[in-house]
Every structure is written in structure tokens, then in C-alpha cells.
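See the structures that follow.
Shared between the two complexes below is subunit A, which has subunit B as its partner in the first and subunit C in the second.
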Partner chain A sequence: MQGYIYPNEFELQWSLLIVLYPYITGLVAGAFILASLERVFNVKEVQPTYRLSLLTALAFLLVATLPLLAHLGHPERSYEIFMTPNRQSAMAMFGFVYAWYLMVVLLVEIWFDYRKDMVAWYRDSKGFKRWLYYALTLGSTDISEKALRFDDSAGRWITIIGIPSAFLLHGYVGFIFGSVKANPWWSSVLMPVVFLFSAIVSGIALVLLLYMITTLFRWRPINMACLDKLAQFLFYALVVDFSLEMLDFLHRLYESEESIEILSQMIQSRLFLSLIVLQILLGTVIPLVTLGLFSPGLKRGGFVKVRPEAKQLVYLACAVLIQIGIFSIRWNVVIGGQLFSKSLRGLTVYKVEFLGIEGLAMTLGLLFLPFVILWILVKVLPPWTDQEVGRLAKATG
Partner chain B sequence: MPEQVPRLLAVFLTASVALVIARSLLVPDTFGDIGHYRAAATDSVVAHQKKYAGHQECALCHGQIQEMRLAGNHRGVRCEVCHGPAANHVSNPLEVKPPAPQDREFCTLCHEYNASRPTGFPQIDPADHNPHVPCIACHEPHAPEPPGMPGDCSACHGQIARQKAVSHHSAVPCTTCHQTPDEHKVNPRSVRPSKPTERDFCGACHAQERLAGIPQIDLTAHNPAYLCWQCHYPHYPGTS
Partner chain C sequence: MSRESKITEQHERSDAVQQLDRRQFLNEMAAACGAATPLLCAFVRLPATQADAYEPTEHYYGMGVDPAKCIGCGRCAAACKIENDVPAEPHFVNTWVERYVIRAGGDVEVDSPNAGIEGFSPLENEQGVLKTFFVPKLCNHCDEAPCVQVCPVGATFMTQDGVVLVDDQYCIGCRYCIQACPYGARYLHPEEHVAAKCTFCYHRLVEGLVPACVEVCPTEARVFGELEGLPTPLNRFIRFNTIQVLKPHLNTKPKVFYANLDGEVR
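And then the complex of A and B:
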């Protein structure tokens, strides 16, 4: 503690779990928007990651609400927000945004995309698996040319609906913070936009990581064209994200509201590590410069030409740094917004507990859970294009 | 229509119907009658056992205290704030006695200095403010007085007062030697009492034959070069 704080500001109400929540939702929105790129804008290079992005989005979406439920502490009451919708509450409305996104966008898109394969798997397998795939196809086993063409165009339409939905999903999270008028660190109309772009950055970086790791473990060669394209998108998204953040920063500086003094004090003391070092330096500037030099973002083939293996390592490092940076952004927003007193006269401290429902262990568990779900999803619905190519070749040949 | 559509629609329809059924089963009957909550909740609240009686009830039997409170500085602090929920006491006054908080910690809940309290709210620092003595020894809890002007010089000049009280000058009031404007007690440093300045002042009592019982000296002979208080401490005069 430092200076004067109100008695009810001593303990932070929004803990580590609330940091996790926008982080995970951001990954969902980001992964989905990456998938949409391939679909709507027909970016052929990133095609190997299309399905992986969709499954990633789904795995993380299934976990997205868990931090909130754990934080609120009464998961058994959560259904009530669907039973008695409250239009006055942004938080309650999120339940519907979430349900819409899960049921109407993500599941249906995955269903249309996988239907052909599910039918094939259903026909190829026996016993329980056969029934599982049959159930998953909902009994729709027609894979005639006409039916497949319908799948494709339906999928495209859903993606088109899906993009604004993904924007809504994560924009909403920014909205929740941006609309807290009483908190000068949060209250900003730019908040949803900044959240959105940081979401895209984190989603692309995550899919890039997952793509590299899964290919590595399957002993397949990495598709360098795909990786370069991902890195290129990552670079562009990072540029926009960083400019928006700087815009927000300059805007605050220029406005110089009465809160500016305590906020700059907070940045210099409490948030120095997480904001200056982790978020800006390690999480943004270094990846930005590195990607600018190595990725084809600014110049075809990149300014610095190295062997593909080296380049892969560079991308890997950037993606990891970016994840750390984005997590720091969430931390700085959520925790930062509670570290200074609303009297603008003092700063408090936040100590993360280890065990307990809002502790570090819980957070790590929730962070790990989506990967378990993803692993199961990948087992049931393999997203690999190379295998598929092989199997299709076998089927037709 | 491609076969996918009716099958998907069937799933959504089932989900919607399930939602509608769940709603009709789970949403309480009176939900939304008045506002975004179960209207019957008010009845269940009414059905709770009453714990607080309200201060008007107390006045029925403790009229004097109520009058005193309403006229005093605690007029905004209701009886049960200090005495706790006392509905049981009202229905059974002789059996159930509400507690009366007598320790200092209780009053400091509201009166301990804390910057977040509204400006002007009477606050004290319990470590400095007459420590170890119960607050109610000096303040009547039902009508506490604001800081009045201390009547006696001893409130501030304790050392001198105690010394003088056991000295030969115990019978001589402070104000005989110090003309003290009342304002001195409020602004002691800016408004100062007078102090004797010449030997004649002491002589008024000690050099007059006629004042019986007062030790006499000869002003002209008794160490005339000095002021009396250079040798005799006026608040504890001695002859050694």
C-alpha cells in the first residue's frame, strides 16, 4: 500500500480468474477470425490451419465461461441468466452472445465443414465409433456433389455471420471494462476495439504455435508458405493493435485528466514489469521488429533471409512472446484498474493466492483444460489436411 | 431442400422447445410481475422473523432516553445501532436484555479518525484521546456533547495546577495573578493572559501589615534588586 486508499479498495475484487477470462475469450475470437480469413477471403496458404483454428476456437470457447463461474462461486445458478434474460445487464446479455456464437456459429460451421468426413468415418468404422459419427452427422449422410456444394456455401454464409459475431463476442468483453465510467483506467470507447485487435493477435499466434507443435509431433514437414502467411497476418494485426494502444495512450496523455498523475505513478511502480517490460517491450516491440524483419509482412521473403528451420524458431519465439504480452495486457487492464484508489491518492497491491478457488492453481488448470478438450476434439475430428489428402487419394484412387 | 437443413432445424427446434419447457418449469410464477425479480420474494422476506423493533418502539418504555437522544448529537443514530436487534426485548423486556456496549472499541467504530469519513464528522485518535478511560465516563452515549470550552485552567496547565494546589498559594486563584480572557481557552497561543511584572504586585499581599495570616516582608529591604519570582516560584512559593 502506498498513499491513501478507501477501505473497500484494500482487497481486489476481480482476481486472476478475471484476467484469464478476457484472455481466453480473445483466443476464441482470434482463432475464429483467422479461420474466417481462409474461408471468406480465400487465403489458400493458411488452409492447413483452417480446421485447427475452428477446433481451437471451440475448445477455448467451451472453457471461456468457467473462470467467470469459478469467480462468482455459484455455477449451479448460471442457467438463470437464460431463463430470465435481463436486457439492462451487459453481463447477462453476454450469455446470449456466447450461446449464439457457440450454437449458431461455431458448431454449425464445424458441422458443415466436417460433414463429408464424418460420413466417410461413419462408413469406415465399426462399433461405438460408427454410432458416434452417425450421431454427429445427425443422420444426414448424403454426400452427393450437390449436397457437398450446399455444405460449402452454407459454411461460407455462416462464416460471414460469424465474423461480426466474433467481433461482438470479444468486443463485448472490452465493452464491460470500457463502460465502467467510474474507473479512469478502463473507461474508454476504444476499449472494445483494442480488445478486439489484441484478440486477433493472440488467436493467430496461438494457432501458429499449435500448428507448429502438432506438425512436429506428427513428424510431418511444416508448410512454410502457410507459416509465412500466418506470420504476415500476425505482423499486420500486431501493427494495428499496437497503433490502437498507442492511440489510446496518447489520448489519455493529451486529455490529462485528474487521474493522470496516479495512473503514471502506477505504471512506473506497480505495473512497470507487466506493462513496460512484458506487454510493450517483450510482448509487442520485440515481436513487431522481429516479424517485420523475418516475415514477408513488409517485403516478400522478409528483409533477413535465413534457413526455414531458423525462421521457424524465430516465429515460435515471437508467438510465445506475443502470448505473454497479450496475457500481460489482460492483467494490466483487469488488475491495473483496481490497483489505484478511486480517491486518486494511493495505490494498493495485489497478491495472487496459490490454492483456493481464485488462485494460481485454478488459473493454470483452466488454462490447461482447453488443450485437453482440443486433444479430444482432434482425436474425434482430425483436422489434418495432409492425412485427408492421403485418404481421399486412397478413396478415389 | 437439402437434407442437412431439416436435420439441423430439428436440433435447433428441440433445443428451443427444451428451453421453453425449462422456462415454464423453472421460472417462478410471480417473476416479472413488478420488476426483474420474483414478486413473491417480498412475501418470503415479510415472513422472516423480525429482529429489529425500530426506535419508535423503544420510546414506549424508554421515553426519556429517546427524548434525550432526539435532542442530542446522536439523534441520527438509532437505538438498535448500538444496542443490537432488540425485537425480542420489546416483546419480552424483563427476560431478554439487549447488550449495552461499554468499551471504547465500540465508539471508535464510528469515531476513530479515518480520512474517508465525511469532512466535519467528529473524529478522535483513540490513542491520544483520554486513553484507558471508557468513553461513556465523559460522554453520555445518548446525547454526547460536542467539545465544550474547558472550564478550568487545569485542563491544559495540569502541572502548574497540581503544584499550586499543594502550595502556600493554593487558596489564590490563577486569575488573581493572571488576567485571562475567555478567548485564551479557545486560542491559547494567540490570546495570552497577563503575568505579574513588578514587585509591587506581590507586595499587594505581602507588604501590607493589615492582611492577617499572610507572611510579610519589607518591600524596600527584601532583596530589592530582584523580581520576587527570581527567587520564589510563584506556583509553589517556598523560603529555602
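And then the complex of A and C:
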């Protein structure tokens, strides 16, 4: 502790779990927006990642509520958010935004996209799997040309609704923080927009990572055109994201409101590692420069030409750094916003505990869980577009 | 029969007559009342029911604080902890006292050791002190309370008499209200796991009493009362002092009014 803090500010209210929540929803929104690119804007190169993105978004969305639930003082009363929401409250909208996104957008889009394959798998399998796939088709086994045309058109419409919904989902999370006028670190109209673009960055980086890793484990060649396109989008999203963050930073500095002194102190001491080193230097500037040089973002083929294997390693390193950077952004927003007193006269400290419901172990567990869910989803609904799956679908369809 | 025994007999007889009369009188009255009660109730509000019924719409509360009168004894903060069963640990308080020390160069030092409950130890360095004063703090029961706005389930609400309360049977413990409060007036109750805060001692208000902190203040640094109606003590306080509220730029419309507050107080 340093300086003066109000007596009730000694305990930090939102801990590591609340850092995890915007991180996970960001990945959901980002992965979905990437999938939408292929579908709505017909970006053929990223097609190998389309279904993987959708399943990734679903896996992470299913986990997104858990850190919130674990954090509540009375999780058994959480249903009250649905039953008696306070319509003035930004947080009360959470249930509806979440339910809309899960039920109306993501599940429906995945269902329409997979229906033809699910029917094929249902006809091709025996025993439990046969019934599982039949249940998943919801009894709709018509795969006539007309029915498939309808699937395609419905999927496209859902995606068109889905893009603003994904924007809503994560912009809304940013709004929860940005609308707290009591907190000068959070209170910013840019917050939802910054959240959104950092979400897109994190989502693309995650899908890029997953695509590379899964392809590697399946002993398939990596589609370099797809990877280049992903890197290109990643670069563009990162440029916008970084510009917005710098705009926010400059705006605060130039306005120099009464909070500027304590916030500067906080950045120089408490947040130096997580903000200056991890978020800006390692998580943004280095990947930005690297992608600018290696990806086709600025010049076809990139400024620096290397063998595809080397390029893959460069992309992999960038994606990992970006994930660290985005997690740091969430940390700096959530924890940073509570490290200074609202009296603007002092700083407090946050010590992460290892065990306990809000500890590091729980956080790592919740971070690992989506990958387990994704693994199951991939087993049930293989997202691969290469020959094996295609042949199966063709033979039975 | 002696004179004394005569007198005694007379007394006993007259007592018996009196007792008989009293008994008769009471019986008759009871019968009469029994018959008249429905009639009476129809026209007269009985004093007993009047005392039970607290009518929140007839009140609108606020508090005035005069930092110049505060001696930093911390009795208010101590009384509050006892009256409201606030957790004994130092970092859960409904009200607290801050000490400001402003030095000639403009340096400001603020402290509130254990919320000021044990008072304040003398200044270690008294050189160059321009001025020093105490400021009692509590929930401002804002008319535009951010905590009420953000509560996702409506567990935090404002009563008709202007007091911001938390329904502890309903609060889900998300802590958004604690984040939204600009004054650090809220905390999560460590045992109940719900948001907690100053209630203006609502349980006392409905009994016609003032909040405990006001009751125990030896210098009358806190004035509690009605905001509506001109001649109330609180409105006289507001009328005869230059009034400031905390963080007015946030437009929360606090109902705790400070007299002649120093600009350094946040």
C-alpha cells in the first residue's frame, strides 16, 4: 500500500477470474468474426479454419460464464439476473446477450452448417453414434438439393445477424467497464471499441494457433495460403487495436484530468511489467513489426521472404505473444482499475493466491476447460475440410 | 366498641363500597366501550396504531457534516460498528473519519487508521503544517446513485424516504455496486457474502431515532434530518453554511452535505 486508500478499498473486488472472463468472451467474439469473414465476405483462403473457428467459439462460450459464477458471493441466486433483471443495469443485460449469442447465433449457425454432414454420419454409423447424430440432426434428414440450398442461405443469414451479435457480445463486456464513471481508469467511451478489436486480434491469433497445432497433430500439410491470410488479417486487426489503444492513451495524457497523477504512478510502478513490457512491447509492438515484415499485410509475400517452415514458426511465435499481450490487456483493465484508490491518493496491491476459488489453479483450470470441450466437439463434429472427411461425406451423401 | 375500632369499621365499609363502585364502573365502561369500539375506530385513529405505523412517504432524509466541528474522536465510527454489527476487522466500515494535513508547500497527507475508531495519534512531523482537519465520511445516499443503477438484480434500491439500502436476501454478490460507488462506501460482507453499507441506521429511523453516529457525536458535527420542509434542522444547516458535496462532477446528487469543505477532500 502506498499513500491513502479508503478503508473499504483494502480488498480487491474483482480478481483473476474476472480477468479471465473478458479474455474468454474476447476469444469467442474474435473466433466467430473470423468465421464470418469466410462466410459473408467469401474469403476463400481461410475456409479451412471456418468450422474450427465456430467450434472454438462454442467451446469458449460454454466456459465464459463459469468464472463469473465462481466469483459471485451467492451463485445460487444468479438466476435472478434472468428472472428479475434491473433494466437500468448494464450487467443485467448479460444473461440476454449471452443467451442470444449462444442459442440464436452460434448453435443455429453450427447446426445449419453441419446438418448435411450429420445426416451423412448418421447414415454411415452404427449403435450409439448413429443415435447421437440422429439426435443432432433433430430429425431433419432431408438432404435434397433444395434442402441444402436452404441450409446454406439460412446459415448465411445467421452469420449476417451473428456479426453484429459478436460485436454486441464483446462490446458489451467493454461497456460494463467503460460505463463506470466512478473509475477514471475504466470510464472511457473507447473501452467497448478497444475491447472489440482486441477480441478480434485474440480470436484470430487463437484460431491460427489451433489450426497449426491440429494440422500438425493430424500429419497434414499446413495450407500456407490460409496461414498467410490469417496473418494478414491479424496484422490489420492489430494495427487498428494498437491505434485505438494509443488514441486512448494520448487522450488521457492530453486531457490530464485530476486522476492523471495517480494513474501515471500506477503505470510506472504496479503495471510496468504487465502494461509496458507484456502488453505493449511483447504483446503488440514486436508482433506488429514482425507481422508487418513477414505477413502479406503490407506487401504481397511480405518484405522478408523466408521458407514456409520458418514463416510458420514466426506466425506461431507472434500468435503466442499476442495471446500473452491480450491476457495482459484484460489484466491491466480489470486489476489496474482497482489498484488505485478512488480518493486518487494511493495505490494498493493485488496478490494472486494459488489455491482457493479465485486462485491461480482455478483460473488455469478454467482456461484449460475450453480446450477439453473443443477436443470433444472436434471428435463429434470433425471440422476438417480435407479429403478424409470430404470423401466420407461424399460416399454417404 | 372503642372509637378506634369504629373508625376502622367505617373505613372497611367505605372501602367495600368504593370497591364495589369501581368494579361496577369498570364493568359498565367495558360494556360501553365494547359497544362503541367499532364506532370509535371508524372516526378516530387510535394512538396505539399511530405509533406502530411508520410512513416512509412522509420523510426524506439527508445528513449535514461540519468538518470544523469534528475532533476526530472516532466515536461515530465505533458506534456504527456496534449498532450495525459491522465486521470487526479494520477494512469493513460504514462510516469512517479521515484526517487531512496540508503543509505550506501544498503537500496533502490523508490517513484514517482503523477508520479513526481509536482516534488519531499526534502528528509525527508538525513542521510546516498549514492546516489540519477531520472529515467524517459515509454513504452519501445519492439521489442518482450509481450503485442502484448498476445492480443487475435490483437488490440495491432507494427507499421512499431517500435511503439507499441493500436487500441481503436478494443480492447475488457480484460486487458491481462496490465498483460503481465513487466514495468507497461499500464492501462485501465477509460472512454474508453480500454488499453492505451505511443504512442511515434505518432500523432506528423507523423508531423515530437518529442514526447512531449522529447520536454519539460529542460535538454535533453531524446533523441528521428531513430535507423536505423549510424549518428543519438540516435545512437550517444547509441554509446557514456554504455547502459542498463530494465529487459533484460525477452528478450523483449526494444527500450528505458538507459545510465549508476544503477543496482537497475527495
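One rule holds in what follows: the second predicted complex is superposed on the first by the 384 of 397 C-alpha atoms of A that agree within 3 Å, B and C clash if a C-alpha of one lies under 4 Å from a C-alpha of the other, contacts with A are read in each partner's own complex, and residues count from 1 in each chain.
Methods note: contacts are C-beta pairs under 8 Å (C-beta built on N, C-alpha and C of every residue); 3 or more make two chains touch, one makes a residue touch a chain.
What you see is a predicted model; the values in this text were computed from it and never measured.
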(request) Could you classify subunit B and subunit C on subunit A, in the superposed arrangement, as clash or fit? (result) clash
(request) Go through the superposed model and pick first if A:F368 touches only subunit B, second if only subunit C, both, or neither. (result) neither
(message) Looking at A:N86 after the superposition, I want to know if it touches subunit B, subunit C, both of them or none. Which is it: first, second, both, neither?
(response) both
(message) Is A:F96 touching anything from subunit B or subunit C once the two structures are fitted on A? First, second, both or neither.
(response) neither
(request) Based on the superposed arrangement, let me know which partner A:Y6 touches: subunit B (first), subunit C (second), both, or neither? (result) both
(request) Have a look and say if subunit B or subunit C is in touch with more residues of subunit A. (result) C
(request) For A:W14, select first, second, both or neither according to whether it touches subunit B, subunit C, the two together, or no partner. (result) second
(request) Tell me which partner A:V180 touches in the superposition: subunit B (first), subunit C (second), both or neither. (result) second
(request) Applying the touch criterion given at the start, work out whether A:K342 contacts subunit B, subunit C, both or neither, answering first, second, both or neither. (result) second
(message) After the superposition on A, what does A:R77 contact: first (subunit B), second (subunit C), both or neither?
(response) second
(request) Clash-wise, after the superposition, say which stretch of subunit B runs into subunit C: 9-17, 45-53, 63-71 or 117-125. (result) 117-125
(request) State which residues of subunit A lie in both footprints, the one left by subunit B and the one left by subunit C. (result) 4, 6-7, 80, 84, 86, 88, 343
(message) Under the definition above, what is the set of subunit B residues touching subunit A in their complex?
(response) 2-4, 7-8, 10-12, 15, 19, 22-23, 26-27, 31-32, 36, 114-116
(message) Under the stated contact criterion, what part of subunit A meets subunit B in this complex?
(response) 4, 6-7, 79-80, 82-84, 86, 88, 103, 108, 111-112, 115, 138-140, 142, 146-147, 150-151, 154, 343
(request) Provide the residue numbers of subunit A that touch subunit C in the complex, in ascending order. (result) 4-11, 13-14, 68, 71-75, 77-78, 80-81, 84-86, 88-92, 94, 176, 180-183, 337-338, 341-345
(message) Using the touch definition from the top, list the residues of subunit C that touch subunit A in their complex.
(response) 90-93, 96, 98, 108-112, 114-115, 137, 146, 148-154, 170-176, 178-188, 192-194, 250, 266
